Structures are given as structure tokens and as C-alpha cells.
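In the two complexes that follow, subunit A is the common piece, with subunit B as its partner first and subunit C second.
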Partner chain A sequence: MLDPLSVIMWSFLGIAVGVGLSWIPGFHIYNIIALITVVAPVYTIMPIEAFPYFALGALVSFVYLSAIQTVYMSVADESFVFMLFPTQRYLVLGRGHEALWLVTLGAIGGTIILVTLGLTVVPYIISPLYNLLVPYVVWFLILIVVFMFMSEWQKMGDREKNPWKRLAVAWTQNIGGIIVFFSAGLLGFIIMNTGVVPAEFAYVRLTPMFIGFFGMPWVLQNIFSRIIVPKQRTEDKVEASPYNIVNGTISGAFGGSIAAFFPVITGGMGALVAGHMVSTRGDDTFIVSQGANRVLYYVGAFFLLFIPTTTLRRGFGAQFVSSIYIPKTWTEFYYAGGVILLAAGISLLSVVYLSKIISRIITGQNYIRASIIVAGLLILVSYLLAGWEGVLTLFIATLIGFTAVVFNTRRSYCLGGIIFPIAISMTGNTQILLHLLHLTPGF
Partner chain B sequence: MSRKNDGDKDKRPEEELKKFPLLNIEYDLYYHGIKPLKKIDLTRFKLLSVVFVILGLLVVYYLATASPAIYASIQDIYGNYLYNYAVVVVEGNISQTPSVRIDNQGRFAVYFTINDGTGSISARIYDPLARKALAMGKVPGVGDHVKAELQIRVLESYTYGIVQSLDTLKIIHIYDMQKPKPVASISTDMVGEYVEINGSIVSVRKTSSGLYLINVNTGLDTITVVLPNYLKYVNGELDPKTGELHPNPKYDEILKKLVIGAEVKIRGVVHLYRTMPELIINRLSDIQVSTEVAGSVTLDQIVFNNEEYVGKFVSINNVWIGQISYDKNSGNYFVEIYDDTYHTTAIFQSSQFKEEFNPFEVGTGSRASIIGAVCNDSSIAVVNFNITEKRPAPLMTPSQVTNDMIGYMVALNGTVITTPTSGGAPQSYGCPICDYYHGVTSVGSVYKFQLADPEHPEYKIAVFMPSSAYNYLEPDLRELVRTNGSRVIVAGYLTTYMDQLEIVVYSSEGVMPANEIPPGYGYSLPEPPKYKPVHVITPISEAVNKLGEEVIIDAYLDKITMSAGWYVLKVHDSTGSIDVYVSVDQLKKINPFHGASGSELVITGKVSGRKNRYIQAVDISLYQGSPTQLKQVKEVNRELIGQIIAVKGEVTEVSGNTLKINDGTGVITVKIDPSVTLSTDKKQLLKPGEKITVAGILFYEGLHPTIYVYSANGIQPGDYEWTG
Partner chain C sequence: MRGWIHYLSGAAMATFFPVLLSDLRLGILIPIITGVFGYLPDFLDFKFKKWLFPRHVEIDPAPIDPKTKVAPKTVRIKELGEYEDYQLIAIRGIVESIDEEAEDRIVFTVNDGTGRVKVEAIREDYQRLKNIYGEIKPGIKMFIPGYKIGDPSTGLRFVAADAPHPQLIASKIADAIDRAYEENKLIVTKVYNIRLPGDVYRRFLIHYDSPNRSIKVYMGPIVTTGGIPIRGTDTPEYRKVGEAMTKHPFVKLYPRPTVIDAFNGPEIGYRRTKLPNGREVVEEVFIPWHRGWSHSFTGGAIAALILAGLLLLVGYPHWVELSIAAMLGWWMHVIEDQLGFMGSVLFPPLQKKRVPGLMVGPNHYTAMNFATAWLMLSLIIWNINRFTPMISMMISGVSAPKPVPLDDWLFLFLLIWPSLIIYAIGVWDGIKFRRLYKKYWKYYALMELSEDMEEIGGL
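Then we have the complex of A and B:
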């Protein structure tokens, strides 16, 4: 059993990694942790019991600091794709720092909700709740996907001269979404169920795909669009009502909880559902909700690993860490609550000051050069994690992610890469599809 | 300034902007601090991107077909987190008994363990693929060679693999690779061999994990054979509409035949359990049970000529269902069965007993035809049976129940009294989650409560419901038995626990609301039938020469005396007379109103006594009763000593177990044996002024005649009538 000092020490290391790298465009903490285990396996120099706290510290700081890359550099992960446009609006109006504050306020609210409920109610309700709902998970998943398609609001087709043209243009967007979803699904299915990615890279087999779906298209878009960031105001003030902040926090926490609890459902999808359920309106509320959502989605899912009353493992982080060490005691559980608060506090300070520095650096700049460097880094990360096959997967996933951009449809359709194969597996049809695709080995 | 012009509705915004340039303020709002950028028309990219996506997927697809999953050694995979989620091919032999697990939601999972020489890994097939695998019979057994594509999961403490497609699971069964080697004994150096044994079953036991352990005596060795639980579902029927998997009916058929004494031929793989070799069955067709029925027999034949019948299947017709008990060790129900010739114990498996013995409808005294294997001289393992005549469990109240009724099926009407200490009586917490946490919806052990007599609430009886009965109660009935003060009728068999009477409600069909009329309404408690083992009766003249042997005699009662705490029956037949020593419990089988001198008794016992021969009884039965004569007190004299007589009169005095009765002609003392337990109704009779009829053995204490009542049947109301 670790002593409190060791927990703090190893958590600090994780926080430092998170703070140091999470703001860099295209870098996801899961990729970073995976990369660290390949390049510099830290768990070999620390007690394995400390590894969950290292990861937790890194994850919390990532949740706070990755908003910088999203607000200032428009690179999103799968949970942020729903909030790109509101933050971009803030950025072009010189209010990027304010947008970041709104995200951070939501994250603080989400952290308080997570720690309060996580340390009190959750350990007692999680198992019965899971047992009650688990038979219906696949149906939740399918319905959410159906809802995603149903709730796609056509952004084009209102200026064409005749109704048929308008209909055709409007439906182009929807058809694009369907193409993206099923293309991503097919890619995910093949990656998950065959030996395309070498077995020794299996633990990160989806990472290049996700970089391709979400990271790389935005980097490429930045290169093509040549956006020049206007001067940013960096006062520590936000223009939002307390009601909107509370409303956004609760909405986000709800969406994040859905995503953390149900397998495969991501923060973005959870937010989509929760947003409709609590009727979130307005850019400020929406941005706040995303901050809370990400805390619950990422940290909440990871926190389940520490709860002694359940064996639920949600998210790559928890699954990866559980292959090395699974916390088992109530003491470890309460340590985790403390580490979340500690990391949140440090991350809050870091995000505010880093935002001021970065906003100053990028004002009046386009980030073509930076974006090209980032693109190179993403390719390098994919190569290091999954070899040339990983780079190939990245390339194809980028094409799919870019298709979502050109069809002006939701990038979240790229989540088909994971939803489709999991839904196929949960309904017991993997065998049928493998058979149809002639992907079963000949024995 | 309005820019709206009805005639320009269809104009494109670019044209509008040329015509009406933006004002400075608008410009500042739209392009705050930045220059408007050149627009990129993405339309042409749409088709191109789709083409690229298709080409990209084709490349990946080609790679997937060209680079199948790699072979991996288990040593390399196990505990290596880099392989988490890897799809690899593993090849090896099945090293542990596979199992099927069904979770709370009814989902199946098949588990088996592959050993490739470098290590072992658990492989799993989850639902719905698991049902398909079981229905297709595509589940490997111990010793089978397997090649499987597994998706690996690496956890901190263990590693396992998931079979995603049955196409990627290849099984070469051991029974296709080896011919069974006939053996009579197995040893550790035979591990992995496919062998065949012949022998008879010594014991059958179900383990907590659901598999059966069968000990087979081959004559040279006793071999433990394992019947794994997954075989229950292998080749079961899969309902294409509902997806429900029905067990293979052959499994239950075979299980019913696996009874002690049955002759079996079993093929299986020798496997080590810890350090002991055992035989694992891989398919149901590898068990053959000899079901040849030796013919229709009577109970005296199988009890007294058991060497001829042990291990064989026999058919017994029209047996009387008697007292029931439960054997905790085996989990089976023991039912005493009677025919005209004798009685013995029939062993029913728990499931078959509960299925056929509806506690309200099939009570003590019902009749059945049985096919079973003779285990020894005192038990038959029932393989098949058919209830030919139903006699409902009589409806009673708790105050009417006595110790004499132990083993009898009864229906009791009473008031529920729940107590917090009554075996963890589950209380609803008002919300499903709390109920789940407190185990209310899934009672782990038992549910116990008290049932009070509606008329005499001070008389209570414990009601014991195993979780298997409680969990399947209809919700309204469950609520009824959980509600303090509610009225219910419960049916089951009577037993004792910690010297207290209790009724065991072994089935969820054993509870009904008190406002319904149970089938046993108006029925009385039946008496066991009379039997005479005609095939094995020994005349008394021959019995006296069989010192130390057990004999059965058919004799007539002369009189009863007492000696050193025993009752001594003086009996005779046409060849001679002899004393029979019986205990008070055995004596109770003689109804005092129908067991007067001259009654025909069938007595089983051991011949004893060096000088004066006597029989120490082990069983006694009143075959043909002689009605007890009603005497007036004035008629009682010393000539009647040792006779069973009856007297009617008014109770004049009660002191402990002794009372005095006055019939108008005189007063006589009545003593009740301390072992006699009286029902409440009868206890009410033991009060001065009550009219009463008593029957018992006449003794003299000094100058005073005393009737000794040895059975609860010997106390009856004053208006009681009886015939011969």
C-alpha cells in the first residue's frame, strides 16, 4: 500500500506530463500515456500501485489543458467535436481566453460533482445500476446512433433555386454523414477483428485511427484555411449568467456521466443526448457544459477503476492501466478523490496562465508552419505506436475524417469506427460480418 | 435602411454583397480584427474524398485478407499488456474441464482452457455466440486439440481470450483421434488418454459449480467420473425466434439413470484434479447406463432378497407414498413407500420430487408406480415414476399438529408471524436497488416465519421455505408470507428442527391465500397400509432356531407386558409362541382401538436369548386389527392384565400425565406415556368434567387397575366410535 506522500509524488509527475503536453495540438493523453509506456515505461521505475495515480494526474490535467488546443488551435478529440464552432466564434471575436474560462468553469463544476458523488453515492449504486441496465446497453447504443442521424440539422440547401435542388443539397450532408459513419465503422471493424495492426501494437490499435478521425483533419483544415487569429482579450472575466453556468455544468455532467457509464458512448454523444434532455441553449452554456462533460467522461470513467464495489472498466485509460494494476482498497479509492482535486487545482492555474501566453504568441499569426509540424508529429506518434500499419490506418482514417469536413457534416460520425464494431459484437454478428467479408482464416 | 427587395428574392448573396457592400460596423462585427480569407470551394472535394475513402478501405481490406492473425505462444501473450486486444491464433490442447455459466440476465458464456505447452490461457465464448456454439456442439472437451483465433484481454492478474467467430475455432476431438482403451483402473501416468470403464455407480454428487461427480466401482478400483455442466446444453435446441437455448433432453434422461447401483459403461479422458486422476466425459453418448428392468417386484422381494436385485432396475406398482424427509448431504428427498408386502425408502432427486409432488395435491397416501435402481436392502433410487392416485394433503391448523405426524404432508391454515431473526426474513425496502442490495429479490439461504393457529394463537409452528421455493413465489403470495398478521395456507411435509416441529414448504406451489379452499379440505390424516412380506415369513417354530438372525414372523397378539423399559408382546402362530420386545415408538404402530388381543402382527426382528428365545423387534406392523373392547370399570379385573381395553367416561381428576375417569360404574386411573404428544384438541379433553374415551394396556398398580396409554390415538372424545 502506498503512503500518501508517494501518492502525491507520483500524481505530481502525471500532472506535470499532462500540463506539459496536453495543450500541444493533436496530442491526446491516451496517446501520450501509450507512448510513454513504449518509449519510457515509467511504471518500471515506480511502484505499480502508483501507476493509476500517475495516469489519473495526467488525465485530469489533460481534461483541463487540452481545451487550449481546441480553442486556439481548433484540434479536437472525439469528445470536443461538438463544441468547435462556438469556441471558434469566440476566438474570431477575440474572446478565446473567455471561452477557455467558460470551459474551465464547467470543468471545475464537473470536478466538484464528480468528487462529491463519486466518493459518496456512486460506490453504492454503481453495481445495481449496471446490473439493471446492462441488458439494454446495445439498444441504448443503437438508439443514440439513430438519434445522431435524426438530429442532424441540414446546414445547406436553403439557397438553391428549386425545391429538388434544395432537397438534393440538404441530403448531401446527411448522405455524407452516413458514408462517414459506415466507412469509419468498416475501418474500425477490420482493425479490431483482424491482424492489420500487428499484434504487439494491439493495445493501441485504435489510436492511429482516432488521430486520423479527429486530430489530423483539423490540422489539415488549419493548413488549408490559413486562419489568422485576431488579437485576444485576456482579462479574467466572462460574460455569462450564473444560471447559464450552473445549467451548463449540470447538463455537461449528465452527458459526461452517460458517456462514462455506458461502454462505447463517448463524451460527445453523451452531451448530445444530455443537451437535448436538459434543453441547453446558448454558446456560453454549451461551452461550460463541454468542460463539465469532459471531466465526467474522462476522469469519471477512469475513477470507476478505483471503486472497490465494481469491476467496471471504462475508456482506454482504465483498460490500459488495469492491465498493469487495478486499485483494490477503499484507501486507494479515497486517495484517488484527493488526487483529482489536487490535479484540478494545479491544472486550473496552468490553463489560465498558459492561455494568456499562448494567446499572445498566436495573435496575428497563421499556424500553417505549426500545423505542418503537428501533422508530422502525429504521423511520428502513429508510427511509434503502431508501425507502418499504424501510419496507413492514420492516413485512411484522415480521409474519412476529412470527408466529414467536406460534407459539412458531424465529425462525430467518425465514432462509427468504434460504435459499429462494438454494436456488431454485442449483437453477436461479428462472425456473420467476418464471414461475409471473407476475413476468417482458412482453418 | 432596408435592403429587402421582393423582386430580388432569388439573387445569390454574393450578388447582393456587390450591390450593397457591408457597412463599417457590420464589417467589424463579422471580421473582427482579421482579414476576410479567400473562400475554398469544397464541393469538388466531396466526390474526391468519397473515392479516396473507398480506395483506402480497399487497401486496408486487402491487408486484412493478406495478413491473417499471427500464431502466438501463450507464454508471449500472458500478462503482456502490449497484446491487450490483439487478435492472435493459439493452438493447443484443452487442459481443464470446460464449463458454461449463465449470469443473472440469462446470458450464456462458455469457458475452456487451452494449453500450448508454454502455458495455459482461458478462452471464452460469450452470448449470443455461446448459444450457437453450444447448439452446434462446437465446444471442445478435455484433451481435444484446438486452434482458435482469440481477441486477447490482459488484466493485472490474469489474461484471457475471446472467440469472436466460430469459423475461427477448429476442434479436433480426442474421440476422433484415439480409440477408447478399456481399463478397470486409472492412474496419473494415464493422463490425457481416452479410456473406457465398466462398473456400477457407488455415489452421485452435484458440486456447487454444477458438475456431477460420479464414483464408479469397476471391481478393481473406484473411479471418479466428472459429468461437466456444459454438456447439458451441447446440441440443445436453439429457438430461432426467441434465441432461447433449451437443454439437451438427453442430459436429463441420463442424469435420471445415474443412480446408485446402476451399471454403467463410460468413456472419457483421464485428467488430474490436484493430484488425483479422474475421468472427464466429453459427450453424452460416452455414457451408457444399463436400464434393463428386472421386472415388476414387491417390496419384500427387494428388501429381503436384495443380493438378487442390488444395482438392477426394478418396477414397483401401486406403492403408497409415506413419510418424507430431506437428506442434506445428498440434496435428495427420502420417501418411505409401502406396498402390501413391505416398505422401503425411495430416493428422489430434488428436482424430480419438487416437479411431481405438488404439496397441496400429492400428499401422504397418494399412490405411484416406480422404476428405480435397488441401492441396498433399504433404499431404491428412483429413475422414473408416475403418480397413479392423488390424495391431497389434509387441511389442518397448527394446533392439530403432533410429533406423530412427522414426515406427513399437511396443509396448514394460520396467521403469518414474521420475526427479524427468522432466517433473515427479507423485508422490501421500497426500491428495487435497495432490495437488490439487501438480497430481498434473491434470497440467499432460506425464508422462515411462524404460523399461528387462528383459533389458538399461542400455538405456533415454524415454516421453512428454501430459497428455491421462496424466489419463485408469485409476487402477491410473497408479499403475503412477508406480511405480519396475514392469513395463508401453506403445504409441505412436517419435520423437526432443534426439537421443534416445523413444516417445510419445499415448493412455490405450497402457498395459497387463506380465503381459497385447498384440495385437502375435509380430508383426514391417512394411516400407512398394512403389509405382510409373504415371501419371507418364518414360522415361530423355525424362528426360535435362528439365534442371531433377523426373521419376519406373522403372529397373533396375546397380551402385552413390560420388562426393563421395554414392552413385551406375547404372540403366537400356528407353530408356537414367542415374546417380542418392542420400544414405545414401535408399539405406537398398533392403534389401541384396533389392536386388541388376537390382532395379526407382522414383526421383523432379531432372534435373541440363549435360554429363552425372544425377538428384538426392528419393525412392527398391524396387519389385521382386532377391535378393542369397550369395558365398564366394574368389569375390569386382573384377568385382563396385559390386554388392550377401552373405557368411556368423565374425567374427574388430572395430575400431570395421570387422570382418573368415572364411567358411572367406577373410577379407573389412566396414565399417558411421557413420549406421547397430544394435539391441542386432545389436550382440551384432559380437563375435569370432559367426556373422554381412552384405550391402552391394562396394568395393576397395587390394587388399582391402570390403563396405560402409549399412543396419542388412545385418547379420543367421549362420543368416539370404532369398529373392527
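Then we have the complex of A and C:
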């Protein structure tokens, strides 16, 4: 059993890694932890009981600090993508720092909700809820996926003069979404079931695919958009009503909790559902909800690992850490609650000051050079994790991810890369599909 | 209600049938159809009917530039005559001469190589040009957004502005209302929104002043997609309001102005109708392609019959239960929408017009939405819990205990009490709202009195 000082020390190390690296565009803490573990296995230099706290510290700081890459390092112009993300709109209006505060306010709200409910109610309701709902998890998962397809707002076609042309143009986007989902699904199915991508750790083999789906298209969009970032205001104030902040926090926490509890359902899918349930409207509410959502989704899912009354493993972080050490005692559980608060406090201070520095640096920049460097780094990460097969996967996944951008459709359809193979597996059809595709199973 | 709520309601209907729950537990996912049916009424309207519905009048206050995909569209001076008065467009050219200049007004000539036009800028618009270009003098190159007035034959001038003049919208709506009355048919007007650089939108409001037979359009500030106004973007007073009179009377059932900003501009129908007192007026039918057959009990029953046939065809053993659950899912959508204001055509072809909604919780939309979502989630959890022993018996021949070992009705009450409280608040809010609504209709009664007096020469 670790003493409190050791818990704090190793958590600090995790927080330092998170704060130091999470703001870099295109990087995800899971990639970073995986990379560190493959290149320099940190759990060999620390007691294995400390590894969950190291990861927890890194994860909390990632959730707070990665808002910087979302707000400042994602640019687009409206002729390239039909609709800008609310944070991109804030950036274009010179209010990036304010957007960052909104995300952070949501994250603070989410942290308070997580720690309050996580340390009190959750350990007692999680088991009956799990027993009740888990037999129907495939139903919930497919319900949400079908709803994603059915509910997508058709952005184009409104100005066409001919009714049939309007219909055809409007549906181009939905058809694009279907293509993206199933292409991603096929790629994910092949990677998960054939061993075509070798990797030291089973979970790491998916990393190049996810970098390709989400990280790389983002970097490419920055390159193609050629937007010059206007001067940013850095006053520490936000223009949002308390109602909107509370509404956004509840919506985000709700969506994040759904995603944390159910396997495969991601934060974005949870946010879609929760946004409808709490009827989230407005950019400020949306941005706040993103902050809360990410805390519950990432940290909440990871926190389940520490609950002694259940054996739930949710998310890549928990799966990965549990392969090294699984916390078992109530003391470790309460330590985890403390680490979340400690990491959130440090991350809050870091994100506000880092935001001011970065907003000054990026003013007048168009990111092209920086984006090319990041693209190179992402290729290097893929190579280090999974060799040339990883780079090839990254290339194919990037094509799929960028297709979503071109069709102006939801990027979350790339999650077909994981949803499709898992749904096939949960319904017992993996062998049939492997046979149909003439693929050889391998792991 | 938001889409997911309808979808969830449809999904919840499947859980009332143990055989369907049993299939879901076995990984047979076909009962997902009930969720699809719950959302299908909106899907049919918004994904198909909306695009195919005829449009008789198009109002485009700010055409989109094909290159930038936002307004204003940059046009050549020789082509200015092709555009309507007051539409927001932009010209790019060199100042040839300053024709008139005063403290708060300037008139100058711009040449873009295809022609020349007199540009007028006053007050805030003149100040804005000065802020961008400093002193306006011959030889400088300018990009000027604004609108044209007149045509080349009678003399055309270009007014610098950052928004279209609302008069264009007001006049066209008034014309559409008169046309609906005179032609005695539904006239559908498509009002496009105003999309500006940075993915922001210029908001405008259409107000139907029925007693005065006046259409007033207010040009508002720039707002974000979420509808939040951006400070300092309001339009100057002298081009904030446009007004046009109609020849014929009209009414608007929904007692609030129509606001147009982000996403797509709406289709608004105008139709001649008879008021209960026999008087003929034109009524506004907001998004006329919505809430017809698709939002009816009849439509749900027909769709369920078609589904039953398809399920029989594919040999699904629980086709009766699934068809009934799907129909209930569709009907739940109709019922939930009926709680609002707009209402639906509930029993076509016996009915042809929308039956006004029950107006439950008009000021608590978010809470009502959440209450319904919570209720449906509660029903799903409750049904799964109470049917668990039966389903286990069906699947494995052994009855498993309920995961939550409480009395069914007590468990249901524990789950749904938040929804019940919110609904009670909503009903009370609806009663208050209806009182106000009655007052509003007295306003129309006064209008009719005025009309009658006018006819006998009283006013």
C-alpha cells in the first residue's frame, strides 16, 4: 500500500506529463501514455501501485489542458467546412481565451459532480445498474448509432432551385456519413481481428487508426484553411448567464456519464444524447458542456477502475492500466478522489496562464508550418507504436477521416472503426464476416 | 420535443413487450425499429418533405457568394440591375470622384471596370467606411457591402450598409399574403437567412401587425449559431425597420414574431381561411410541410400495417408485438408534439388542419423536454427490471431475481417522481399562458370590430 506522500508524488509526475504535452495539437493522452510505456516503461521505475495515480494525474490534466488545442489550434473557414465549431467561432472573433474559460468552467463543474457523486452514490448504485442494463448494451449502442444517422442536420441543398436537386444535394452529406462509418468500420474490423498491425500492446494497435481518423484530418484542415488568427482578448471574464453554465455543465456531465458507463459509447455520442435531453442551445452552453463531458467521460470512466464494489474497465486508460495494476481497496479509492481534485486545481491554474501565453503567440499566425511539424510527429508516433503497418493504417484512416470533412458530415462517424467491429463481435458474427471477407484471424 | 426524446419514447415502447426484450437480450436487434418509428415522423418531414415541398415565393435578403459561401456576394457593377432592391451585395472598385460630402454623409462614384455607380453612405455607414479606409478620396480601392436602389434605366444608386434593408422582406411577405387571399390557395414563401463571414448570422424578425394590416420586419444584430448576439453589431435606426401594408386581412396563430437567424431560413405558408365568425382572412402556416400526415395517428397506424407486412415477409416471429410497439412509438411522437403549441393534423383525412397543441409548459421548454426523457428512461429501467425473471425463464428456463428487488409500483414511483413534478409545473404554466392567449385573441376581436365599423363608415 502506498503512503499518501508517494501517491501525491507520482500523481504530480503524471500531472507534469499531462500539463507539458496535452496542449500540443493532434496529441492525445492515451497516445502519450502508450508511447511512454512502449519507449520508456515508466511502471518499471515506480511501484506498480503508483501507476494508476500517475495515469490519473496525466488524464485529469489532459482533460483540462487539451482544451488549448481545441480552442487555439483548430482553425477552419466557412467555405471549407459548412459550419464552424463554436470554439473556432470564438477564436475567429478574438474570444479564444473566453472560450477556454467556458470549457474550464464546465470542467470544474464536471469535476465537482464527479467527485461528489463518485465518492458517495456511485459505488452503491453502480452494481445493480450494471446488472440491470448491461445485457442490453448492444441495443443501447446501436440505438445511438442509428439515431446519429437519422438525426444529422442536412446543411446543404437549401438554395437549390429544383426540389429534386435540393433533396439530392442534402442527402449527399448523409450518404457521405454512411460511407465514412462503414469504411472506418471495415478498417477497424481488419485491424482488430487480423493482426495486420503488429504492436507490443494489444490496445496500441488501434492508436494509428485513431490518429488518422481524428488527429491528422484536423492538422490537414489547419493547413488547407490558411486562416490568420486575429488578435485575442485575454481578460479573465466570460459572457454567459449562470443558467447557461449550469445547463451546459449538467448536459455535459450527463453525456459524459453515459459514455463512461456504457462500453464503446464515446463522449461525443453521449453529448448528442444528453444535449437533446437537457435541450442544450447556444454556443456558450455547448462549450461549457464539452468541458464537463470530457471530465466525466475520461476521468469518470477511469475512476470506475478504483471502485472496490465493481470490476468495470471503461476506456483505453482503464484497460491499459489494469493490465499493469488494479486498485482494490477503499483507501486507494479515496486517494483517487483526492488526486482528481489536486490535478484539477493545478490544471486549472496551468490552463489559464498557458492560454494567455499561447493566445499572444498565435496571433497573426496561420499554423501552416506548425501543422506540418505536427503531421510529421504524428507519423513518427504511429511508426514507433506499430511500425510501417501503423503508418499505412494512419494513411488509410486519414483518408477516411478527411472524407468526413469533405462531405461536411459528422466526424464521429469515424467511430465506426470501433463500434462496427465490437457490434459484430457482440452479436457473434466476427467469424462469419472474416470468412466473407476471406480474412485470416490473427492477434 | 427534441429528436432524441421521440426516439427514446419509441424505444421505450419495445420494453413493454417481454418477447421483444428477450430478443434484444439475445442480440436480435430488430426491435430497434420502435425507436426508428418514434423518430420517423420528423425524419420524413425534415429529410424528404422539406426539400420536395413547392416554393412559390423566394425571399433572399443576402445572396451567398459562390466562392466564400457567405454573404455578401461580390457583384460587378454592370450586373447590379439583375439584383433586387435592398438585397445585401457588395461591389469592389476604385473611387473615381467625390460627388457630395457633408459631416455625416458622402456620395462618391465607384468604377470597377465594368461600369460605374454612385455610392451613398450616411451616418454609421459613412463612419464605418472611414474607420476602414480613412479619408475617402479618388483613386482608392474599396470593397463596399450594401444594397442598390432603382434600376439602370431610371438611375441606380448603391447604399453602403452591412445588412440588407428589411423593406425587401416586408414587401414580399405582404405581396404573398395578398396573393394567397386573391388566388385562394396556399402560397409558400421561402425566407433565406443571412449567413456572414465567421459562420455568424444576421438576425431578423417578422412581426404580423394584424389590426393594422401591416407586416413589419426588424433587422437585428449579428448572432452566433447558438443565437447569442454579438455586441456592437446592431443595425442603425434608419435601416432597422421595413414595413408594408397588405390589401387583405391576416392572422397569425402563434402569438410571437417569427425570428430568422442561424441554420436554414424557414418556409412560411399563407392560406385563406374562415374565422369562427365567418370572416375570411389569410392565416400564416409556419413550415407548412411539417406535422401533416406524418404526425397523425392515422399515419402511425398505416406505417405499422406496412411494417407488419414486411415483418411477416421476413418471418420475424414477434411481428404482432413489434408492429404494435412501433405504432405506439409513432403515436408517442404525435402525443408529445401535441403538448406544445403548433399541434398536428391528428386524424387525416378526416381532419385537414392542424389541431392546436395543449400548450403545456410553454415557458419551461427545457424542463418539459427533460421530464419526458427522464420518464422514458424510467419506463425502460422499470420494464427491464420487472421483466427480468420472465425473460431469464424464456431464455434459459431459470428465473433470475430482479436486479432491483423493490415492489414494481414503488420502484416506478421512485423513478418517475421528478417527471411528475415537472409536468405539474408545466400544466400550471400552460393554464397561465392560455389566459394570456385569450387576451391576445381579444385583440383580433377588436380588429374585426374596426373592420365592421369601417364597412359602415364608422371609422
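Throughout what follows, the second predicted complex is superposed on the first by the 427 of 443 C-alpha atoms of A that agree within 3 Å, B and C clash if a C-alpha of one lies under 4 Å from a C-alpha of the other, contacts with A are read in each partner's own complex, and residues count from 1 in each chain.
The rule is simple: contacts are C-beta pairs under 8 Å (C-beta built on N, C-alpha and C of every residue); 3 or more make two chains touch, one makes a residue touch a chain.
Computed from a predicted structure; not experimentally measured.
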First (subunit B), second (subunit C), both or neither touched by A:163: second
Touching partner for A:395 - first (subunit B), second (subunit C), both, neither: first
First (subunit B), second (subunit C), both or neither touched by A:124: first
Which superposed partner A:373 touches (first subunit B, second subunit C, both, neither): neither
Partner, of subunit C and subunit B, that touches more residues belonging to subunit A: B
Contacts of A:427 with subunit B and subunit C, given as first, second, both or neither: both
Partner chain(s) touched by A:135 [first = subunit B, second = subunit C, both, neither]: both
Partner chain in contact with A:46 - subunit B first, subunit C second, else both or neither: neither
Partner chain(s) touched by A:36 [first = subunit B, second = subunit C, both, neither]: neither
First, second, both or neither for A:93, with subunit B first and subunit C second: both
Set of subunit A residues, in rising order, touched by both subunit B and subunit C: 92-93, 128, 131-132, 135, 159, 427-428
Of all residues in subunit B, those that touch subunit A in their complex: 10, 12-13, 31-35, 37, 40, 42, 45-46, 49-50, 52-54, 56-57, 59-61, 63-65, 67-70, 72, 81-89, 104-105, 127-129, 132, 147, 149, 151-152, 154-157, 164-168, 170, 432-433, 436-437
Of all residues in subunit A, those that touch subunit C in their complex: 78-79, 82-84, 86, 88-89, 92-93, 128, 131-133, 135-136, 138-139, 142-143, 146-147, 150-151, 153-154, 157-159, 163-164, 166-167, 170-171, 174, 239, 247, 272-273, 276-279, 281-286, 426-428
Interfacial residue positions of subunit A with respect to subunit B in the complex: 37, 92-94, 124-125, 128-129, 131-132, 134-135, 159, 161, 172, 176, 179, 183, 186-187, 190-196, 198-203, 205, 224-231, 319-320, 322-326, 389, 392-393, 395-396, 399-400, 402-403, 405-408, 425, 427-428, 430-431, 434-435, 437-441, 443
Subunit C - residues contacting subunit A, complex: 2-5, 7, 11, 21, 24-25, 27, 29, 31-32, 35-36, 39, 43, 46-48, 51-54, 64, 67-70, 192, 195, 197-200, 224-228, 230, 263-265, 365-366, 369-370, 373-374, 381, 384-385, 388, 403-404
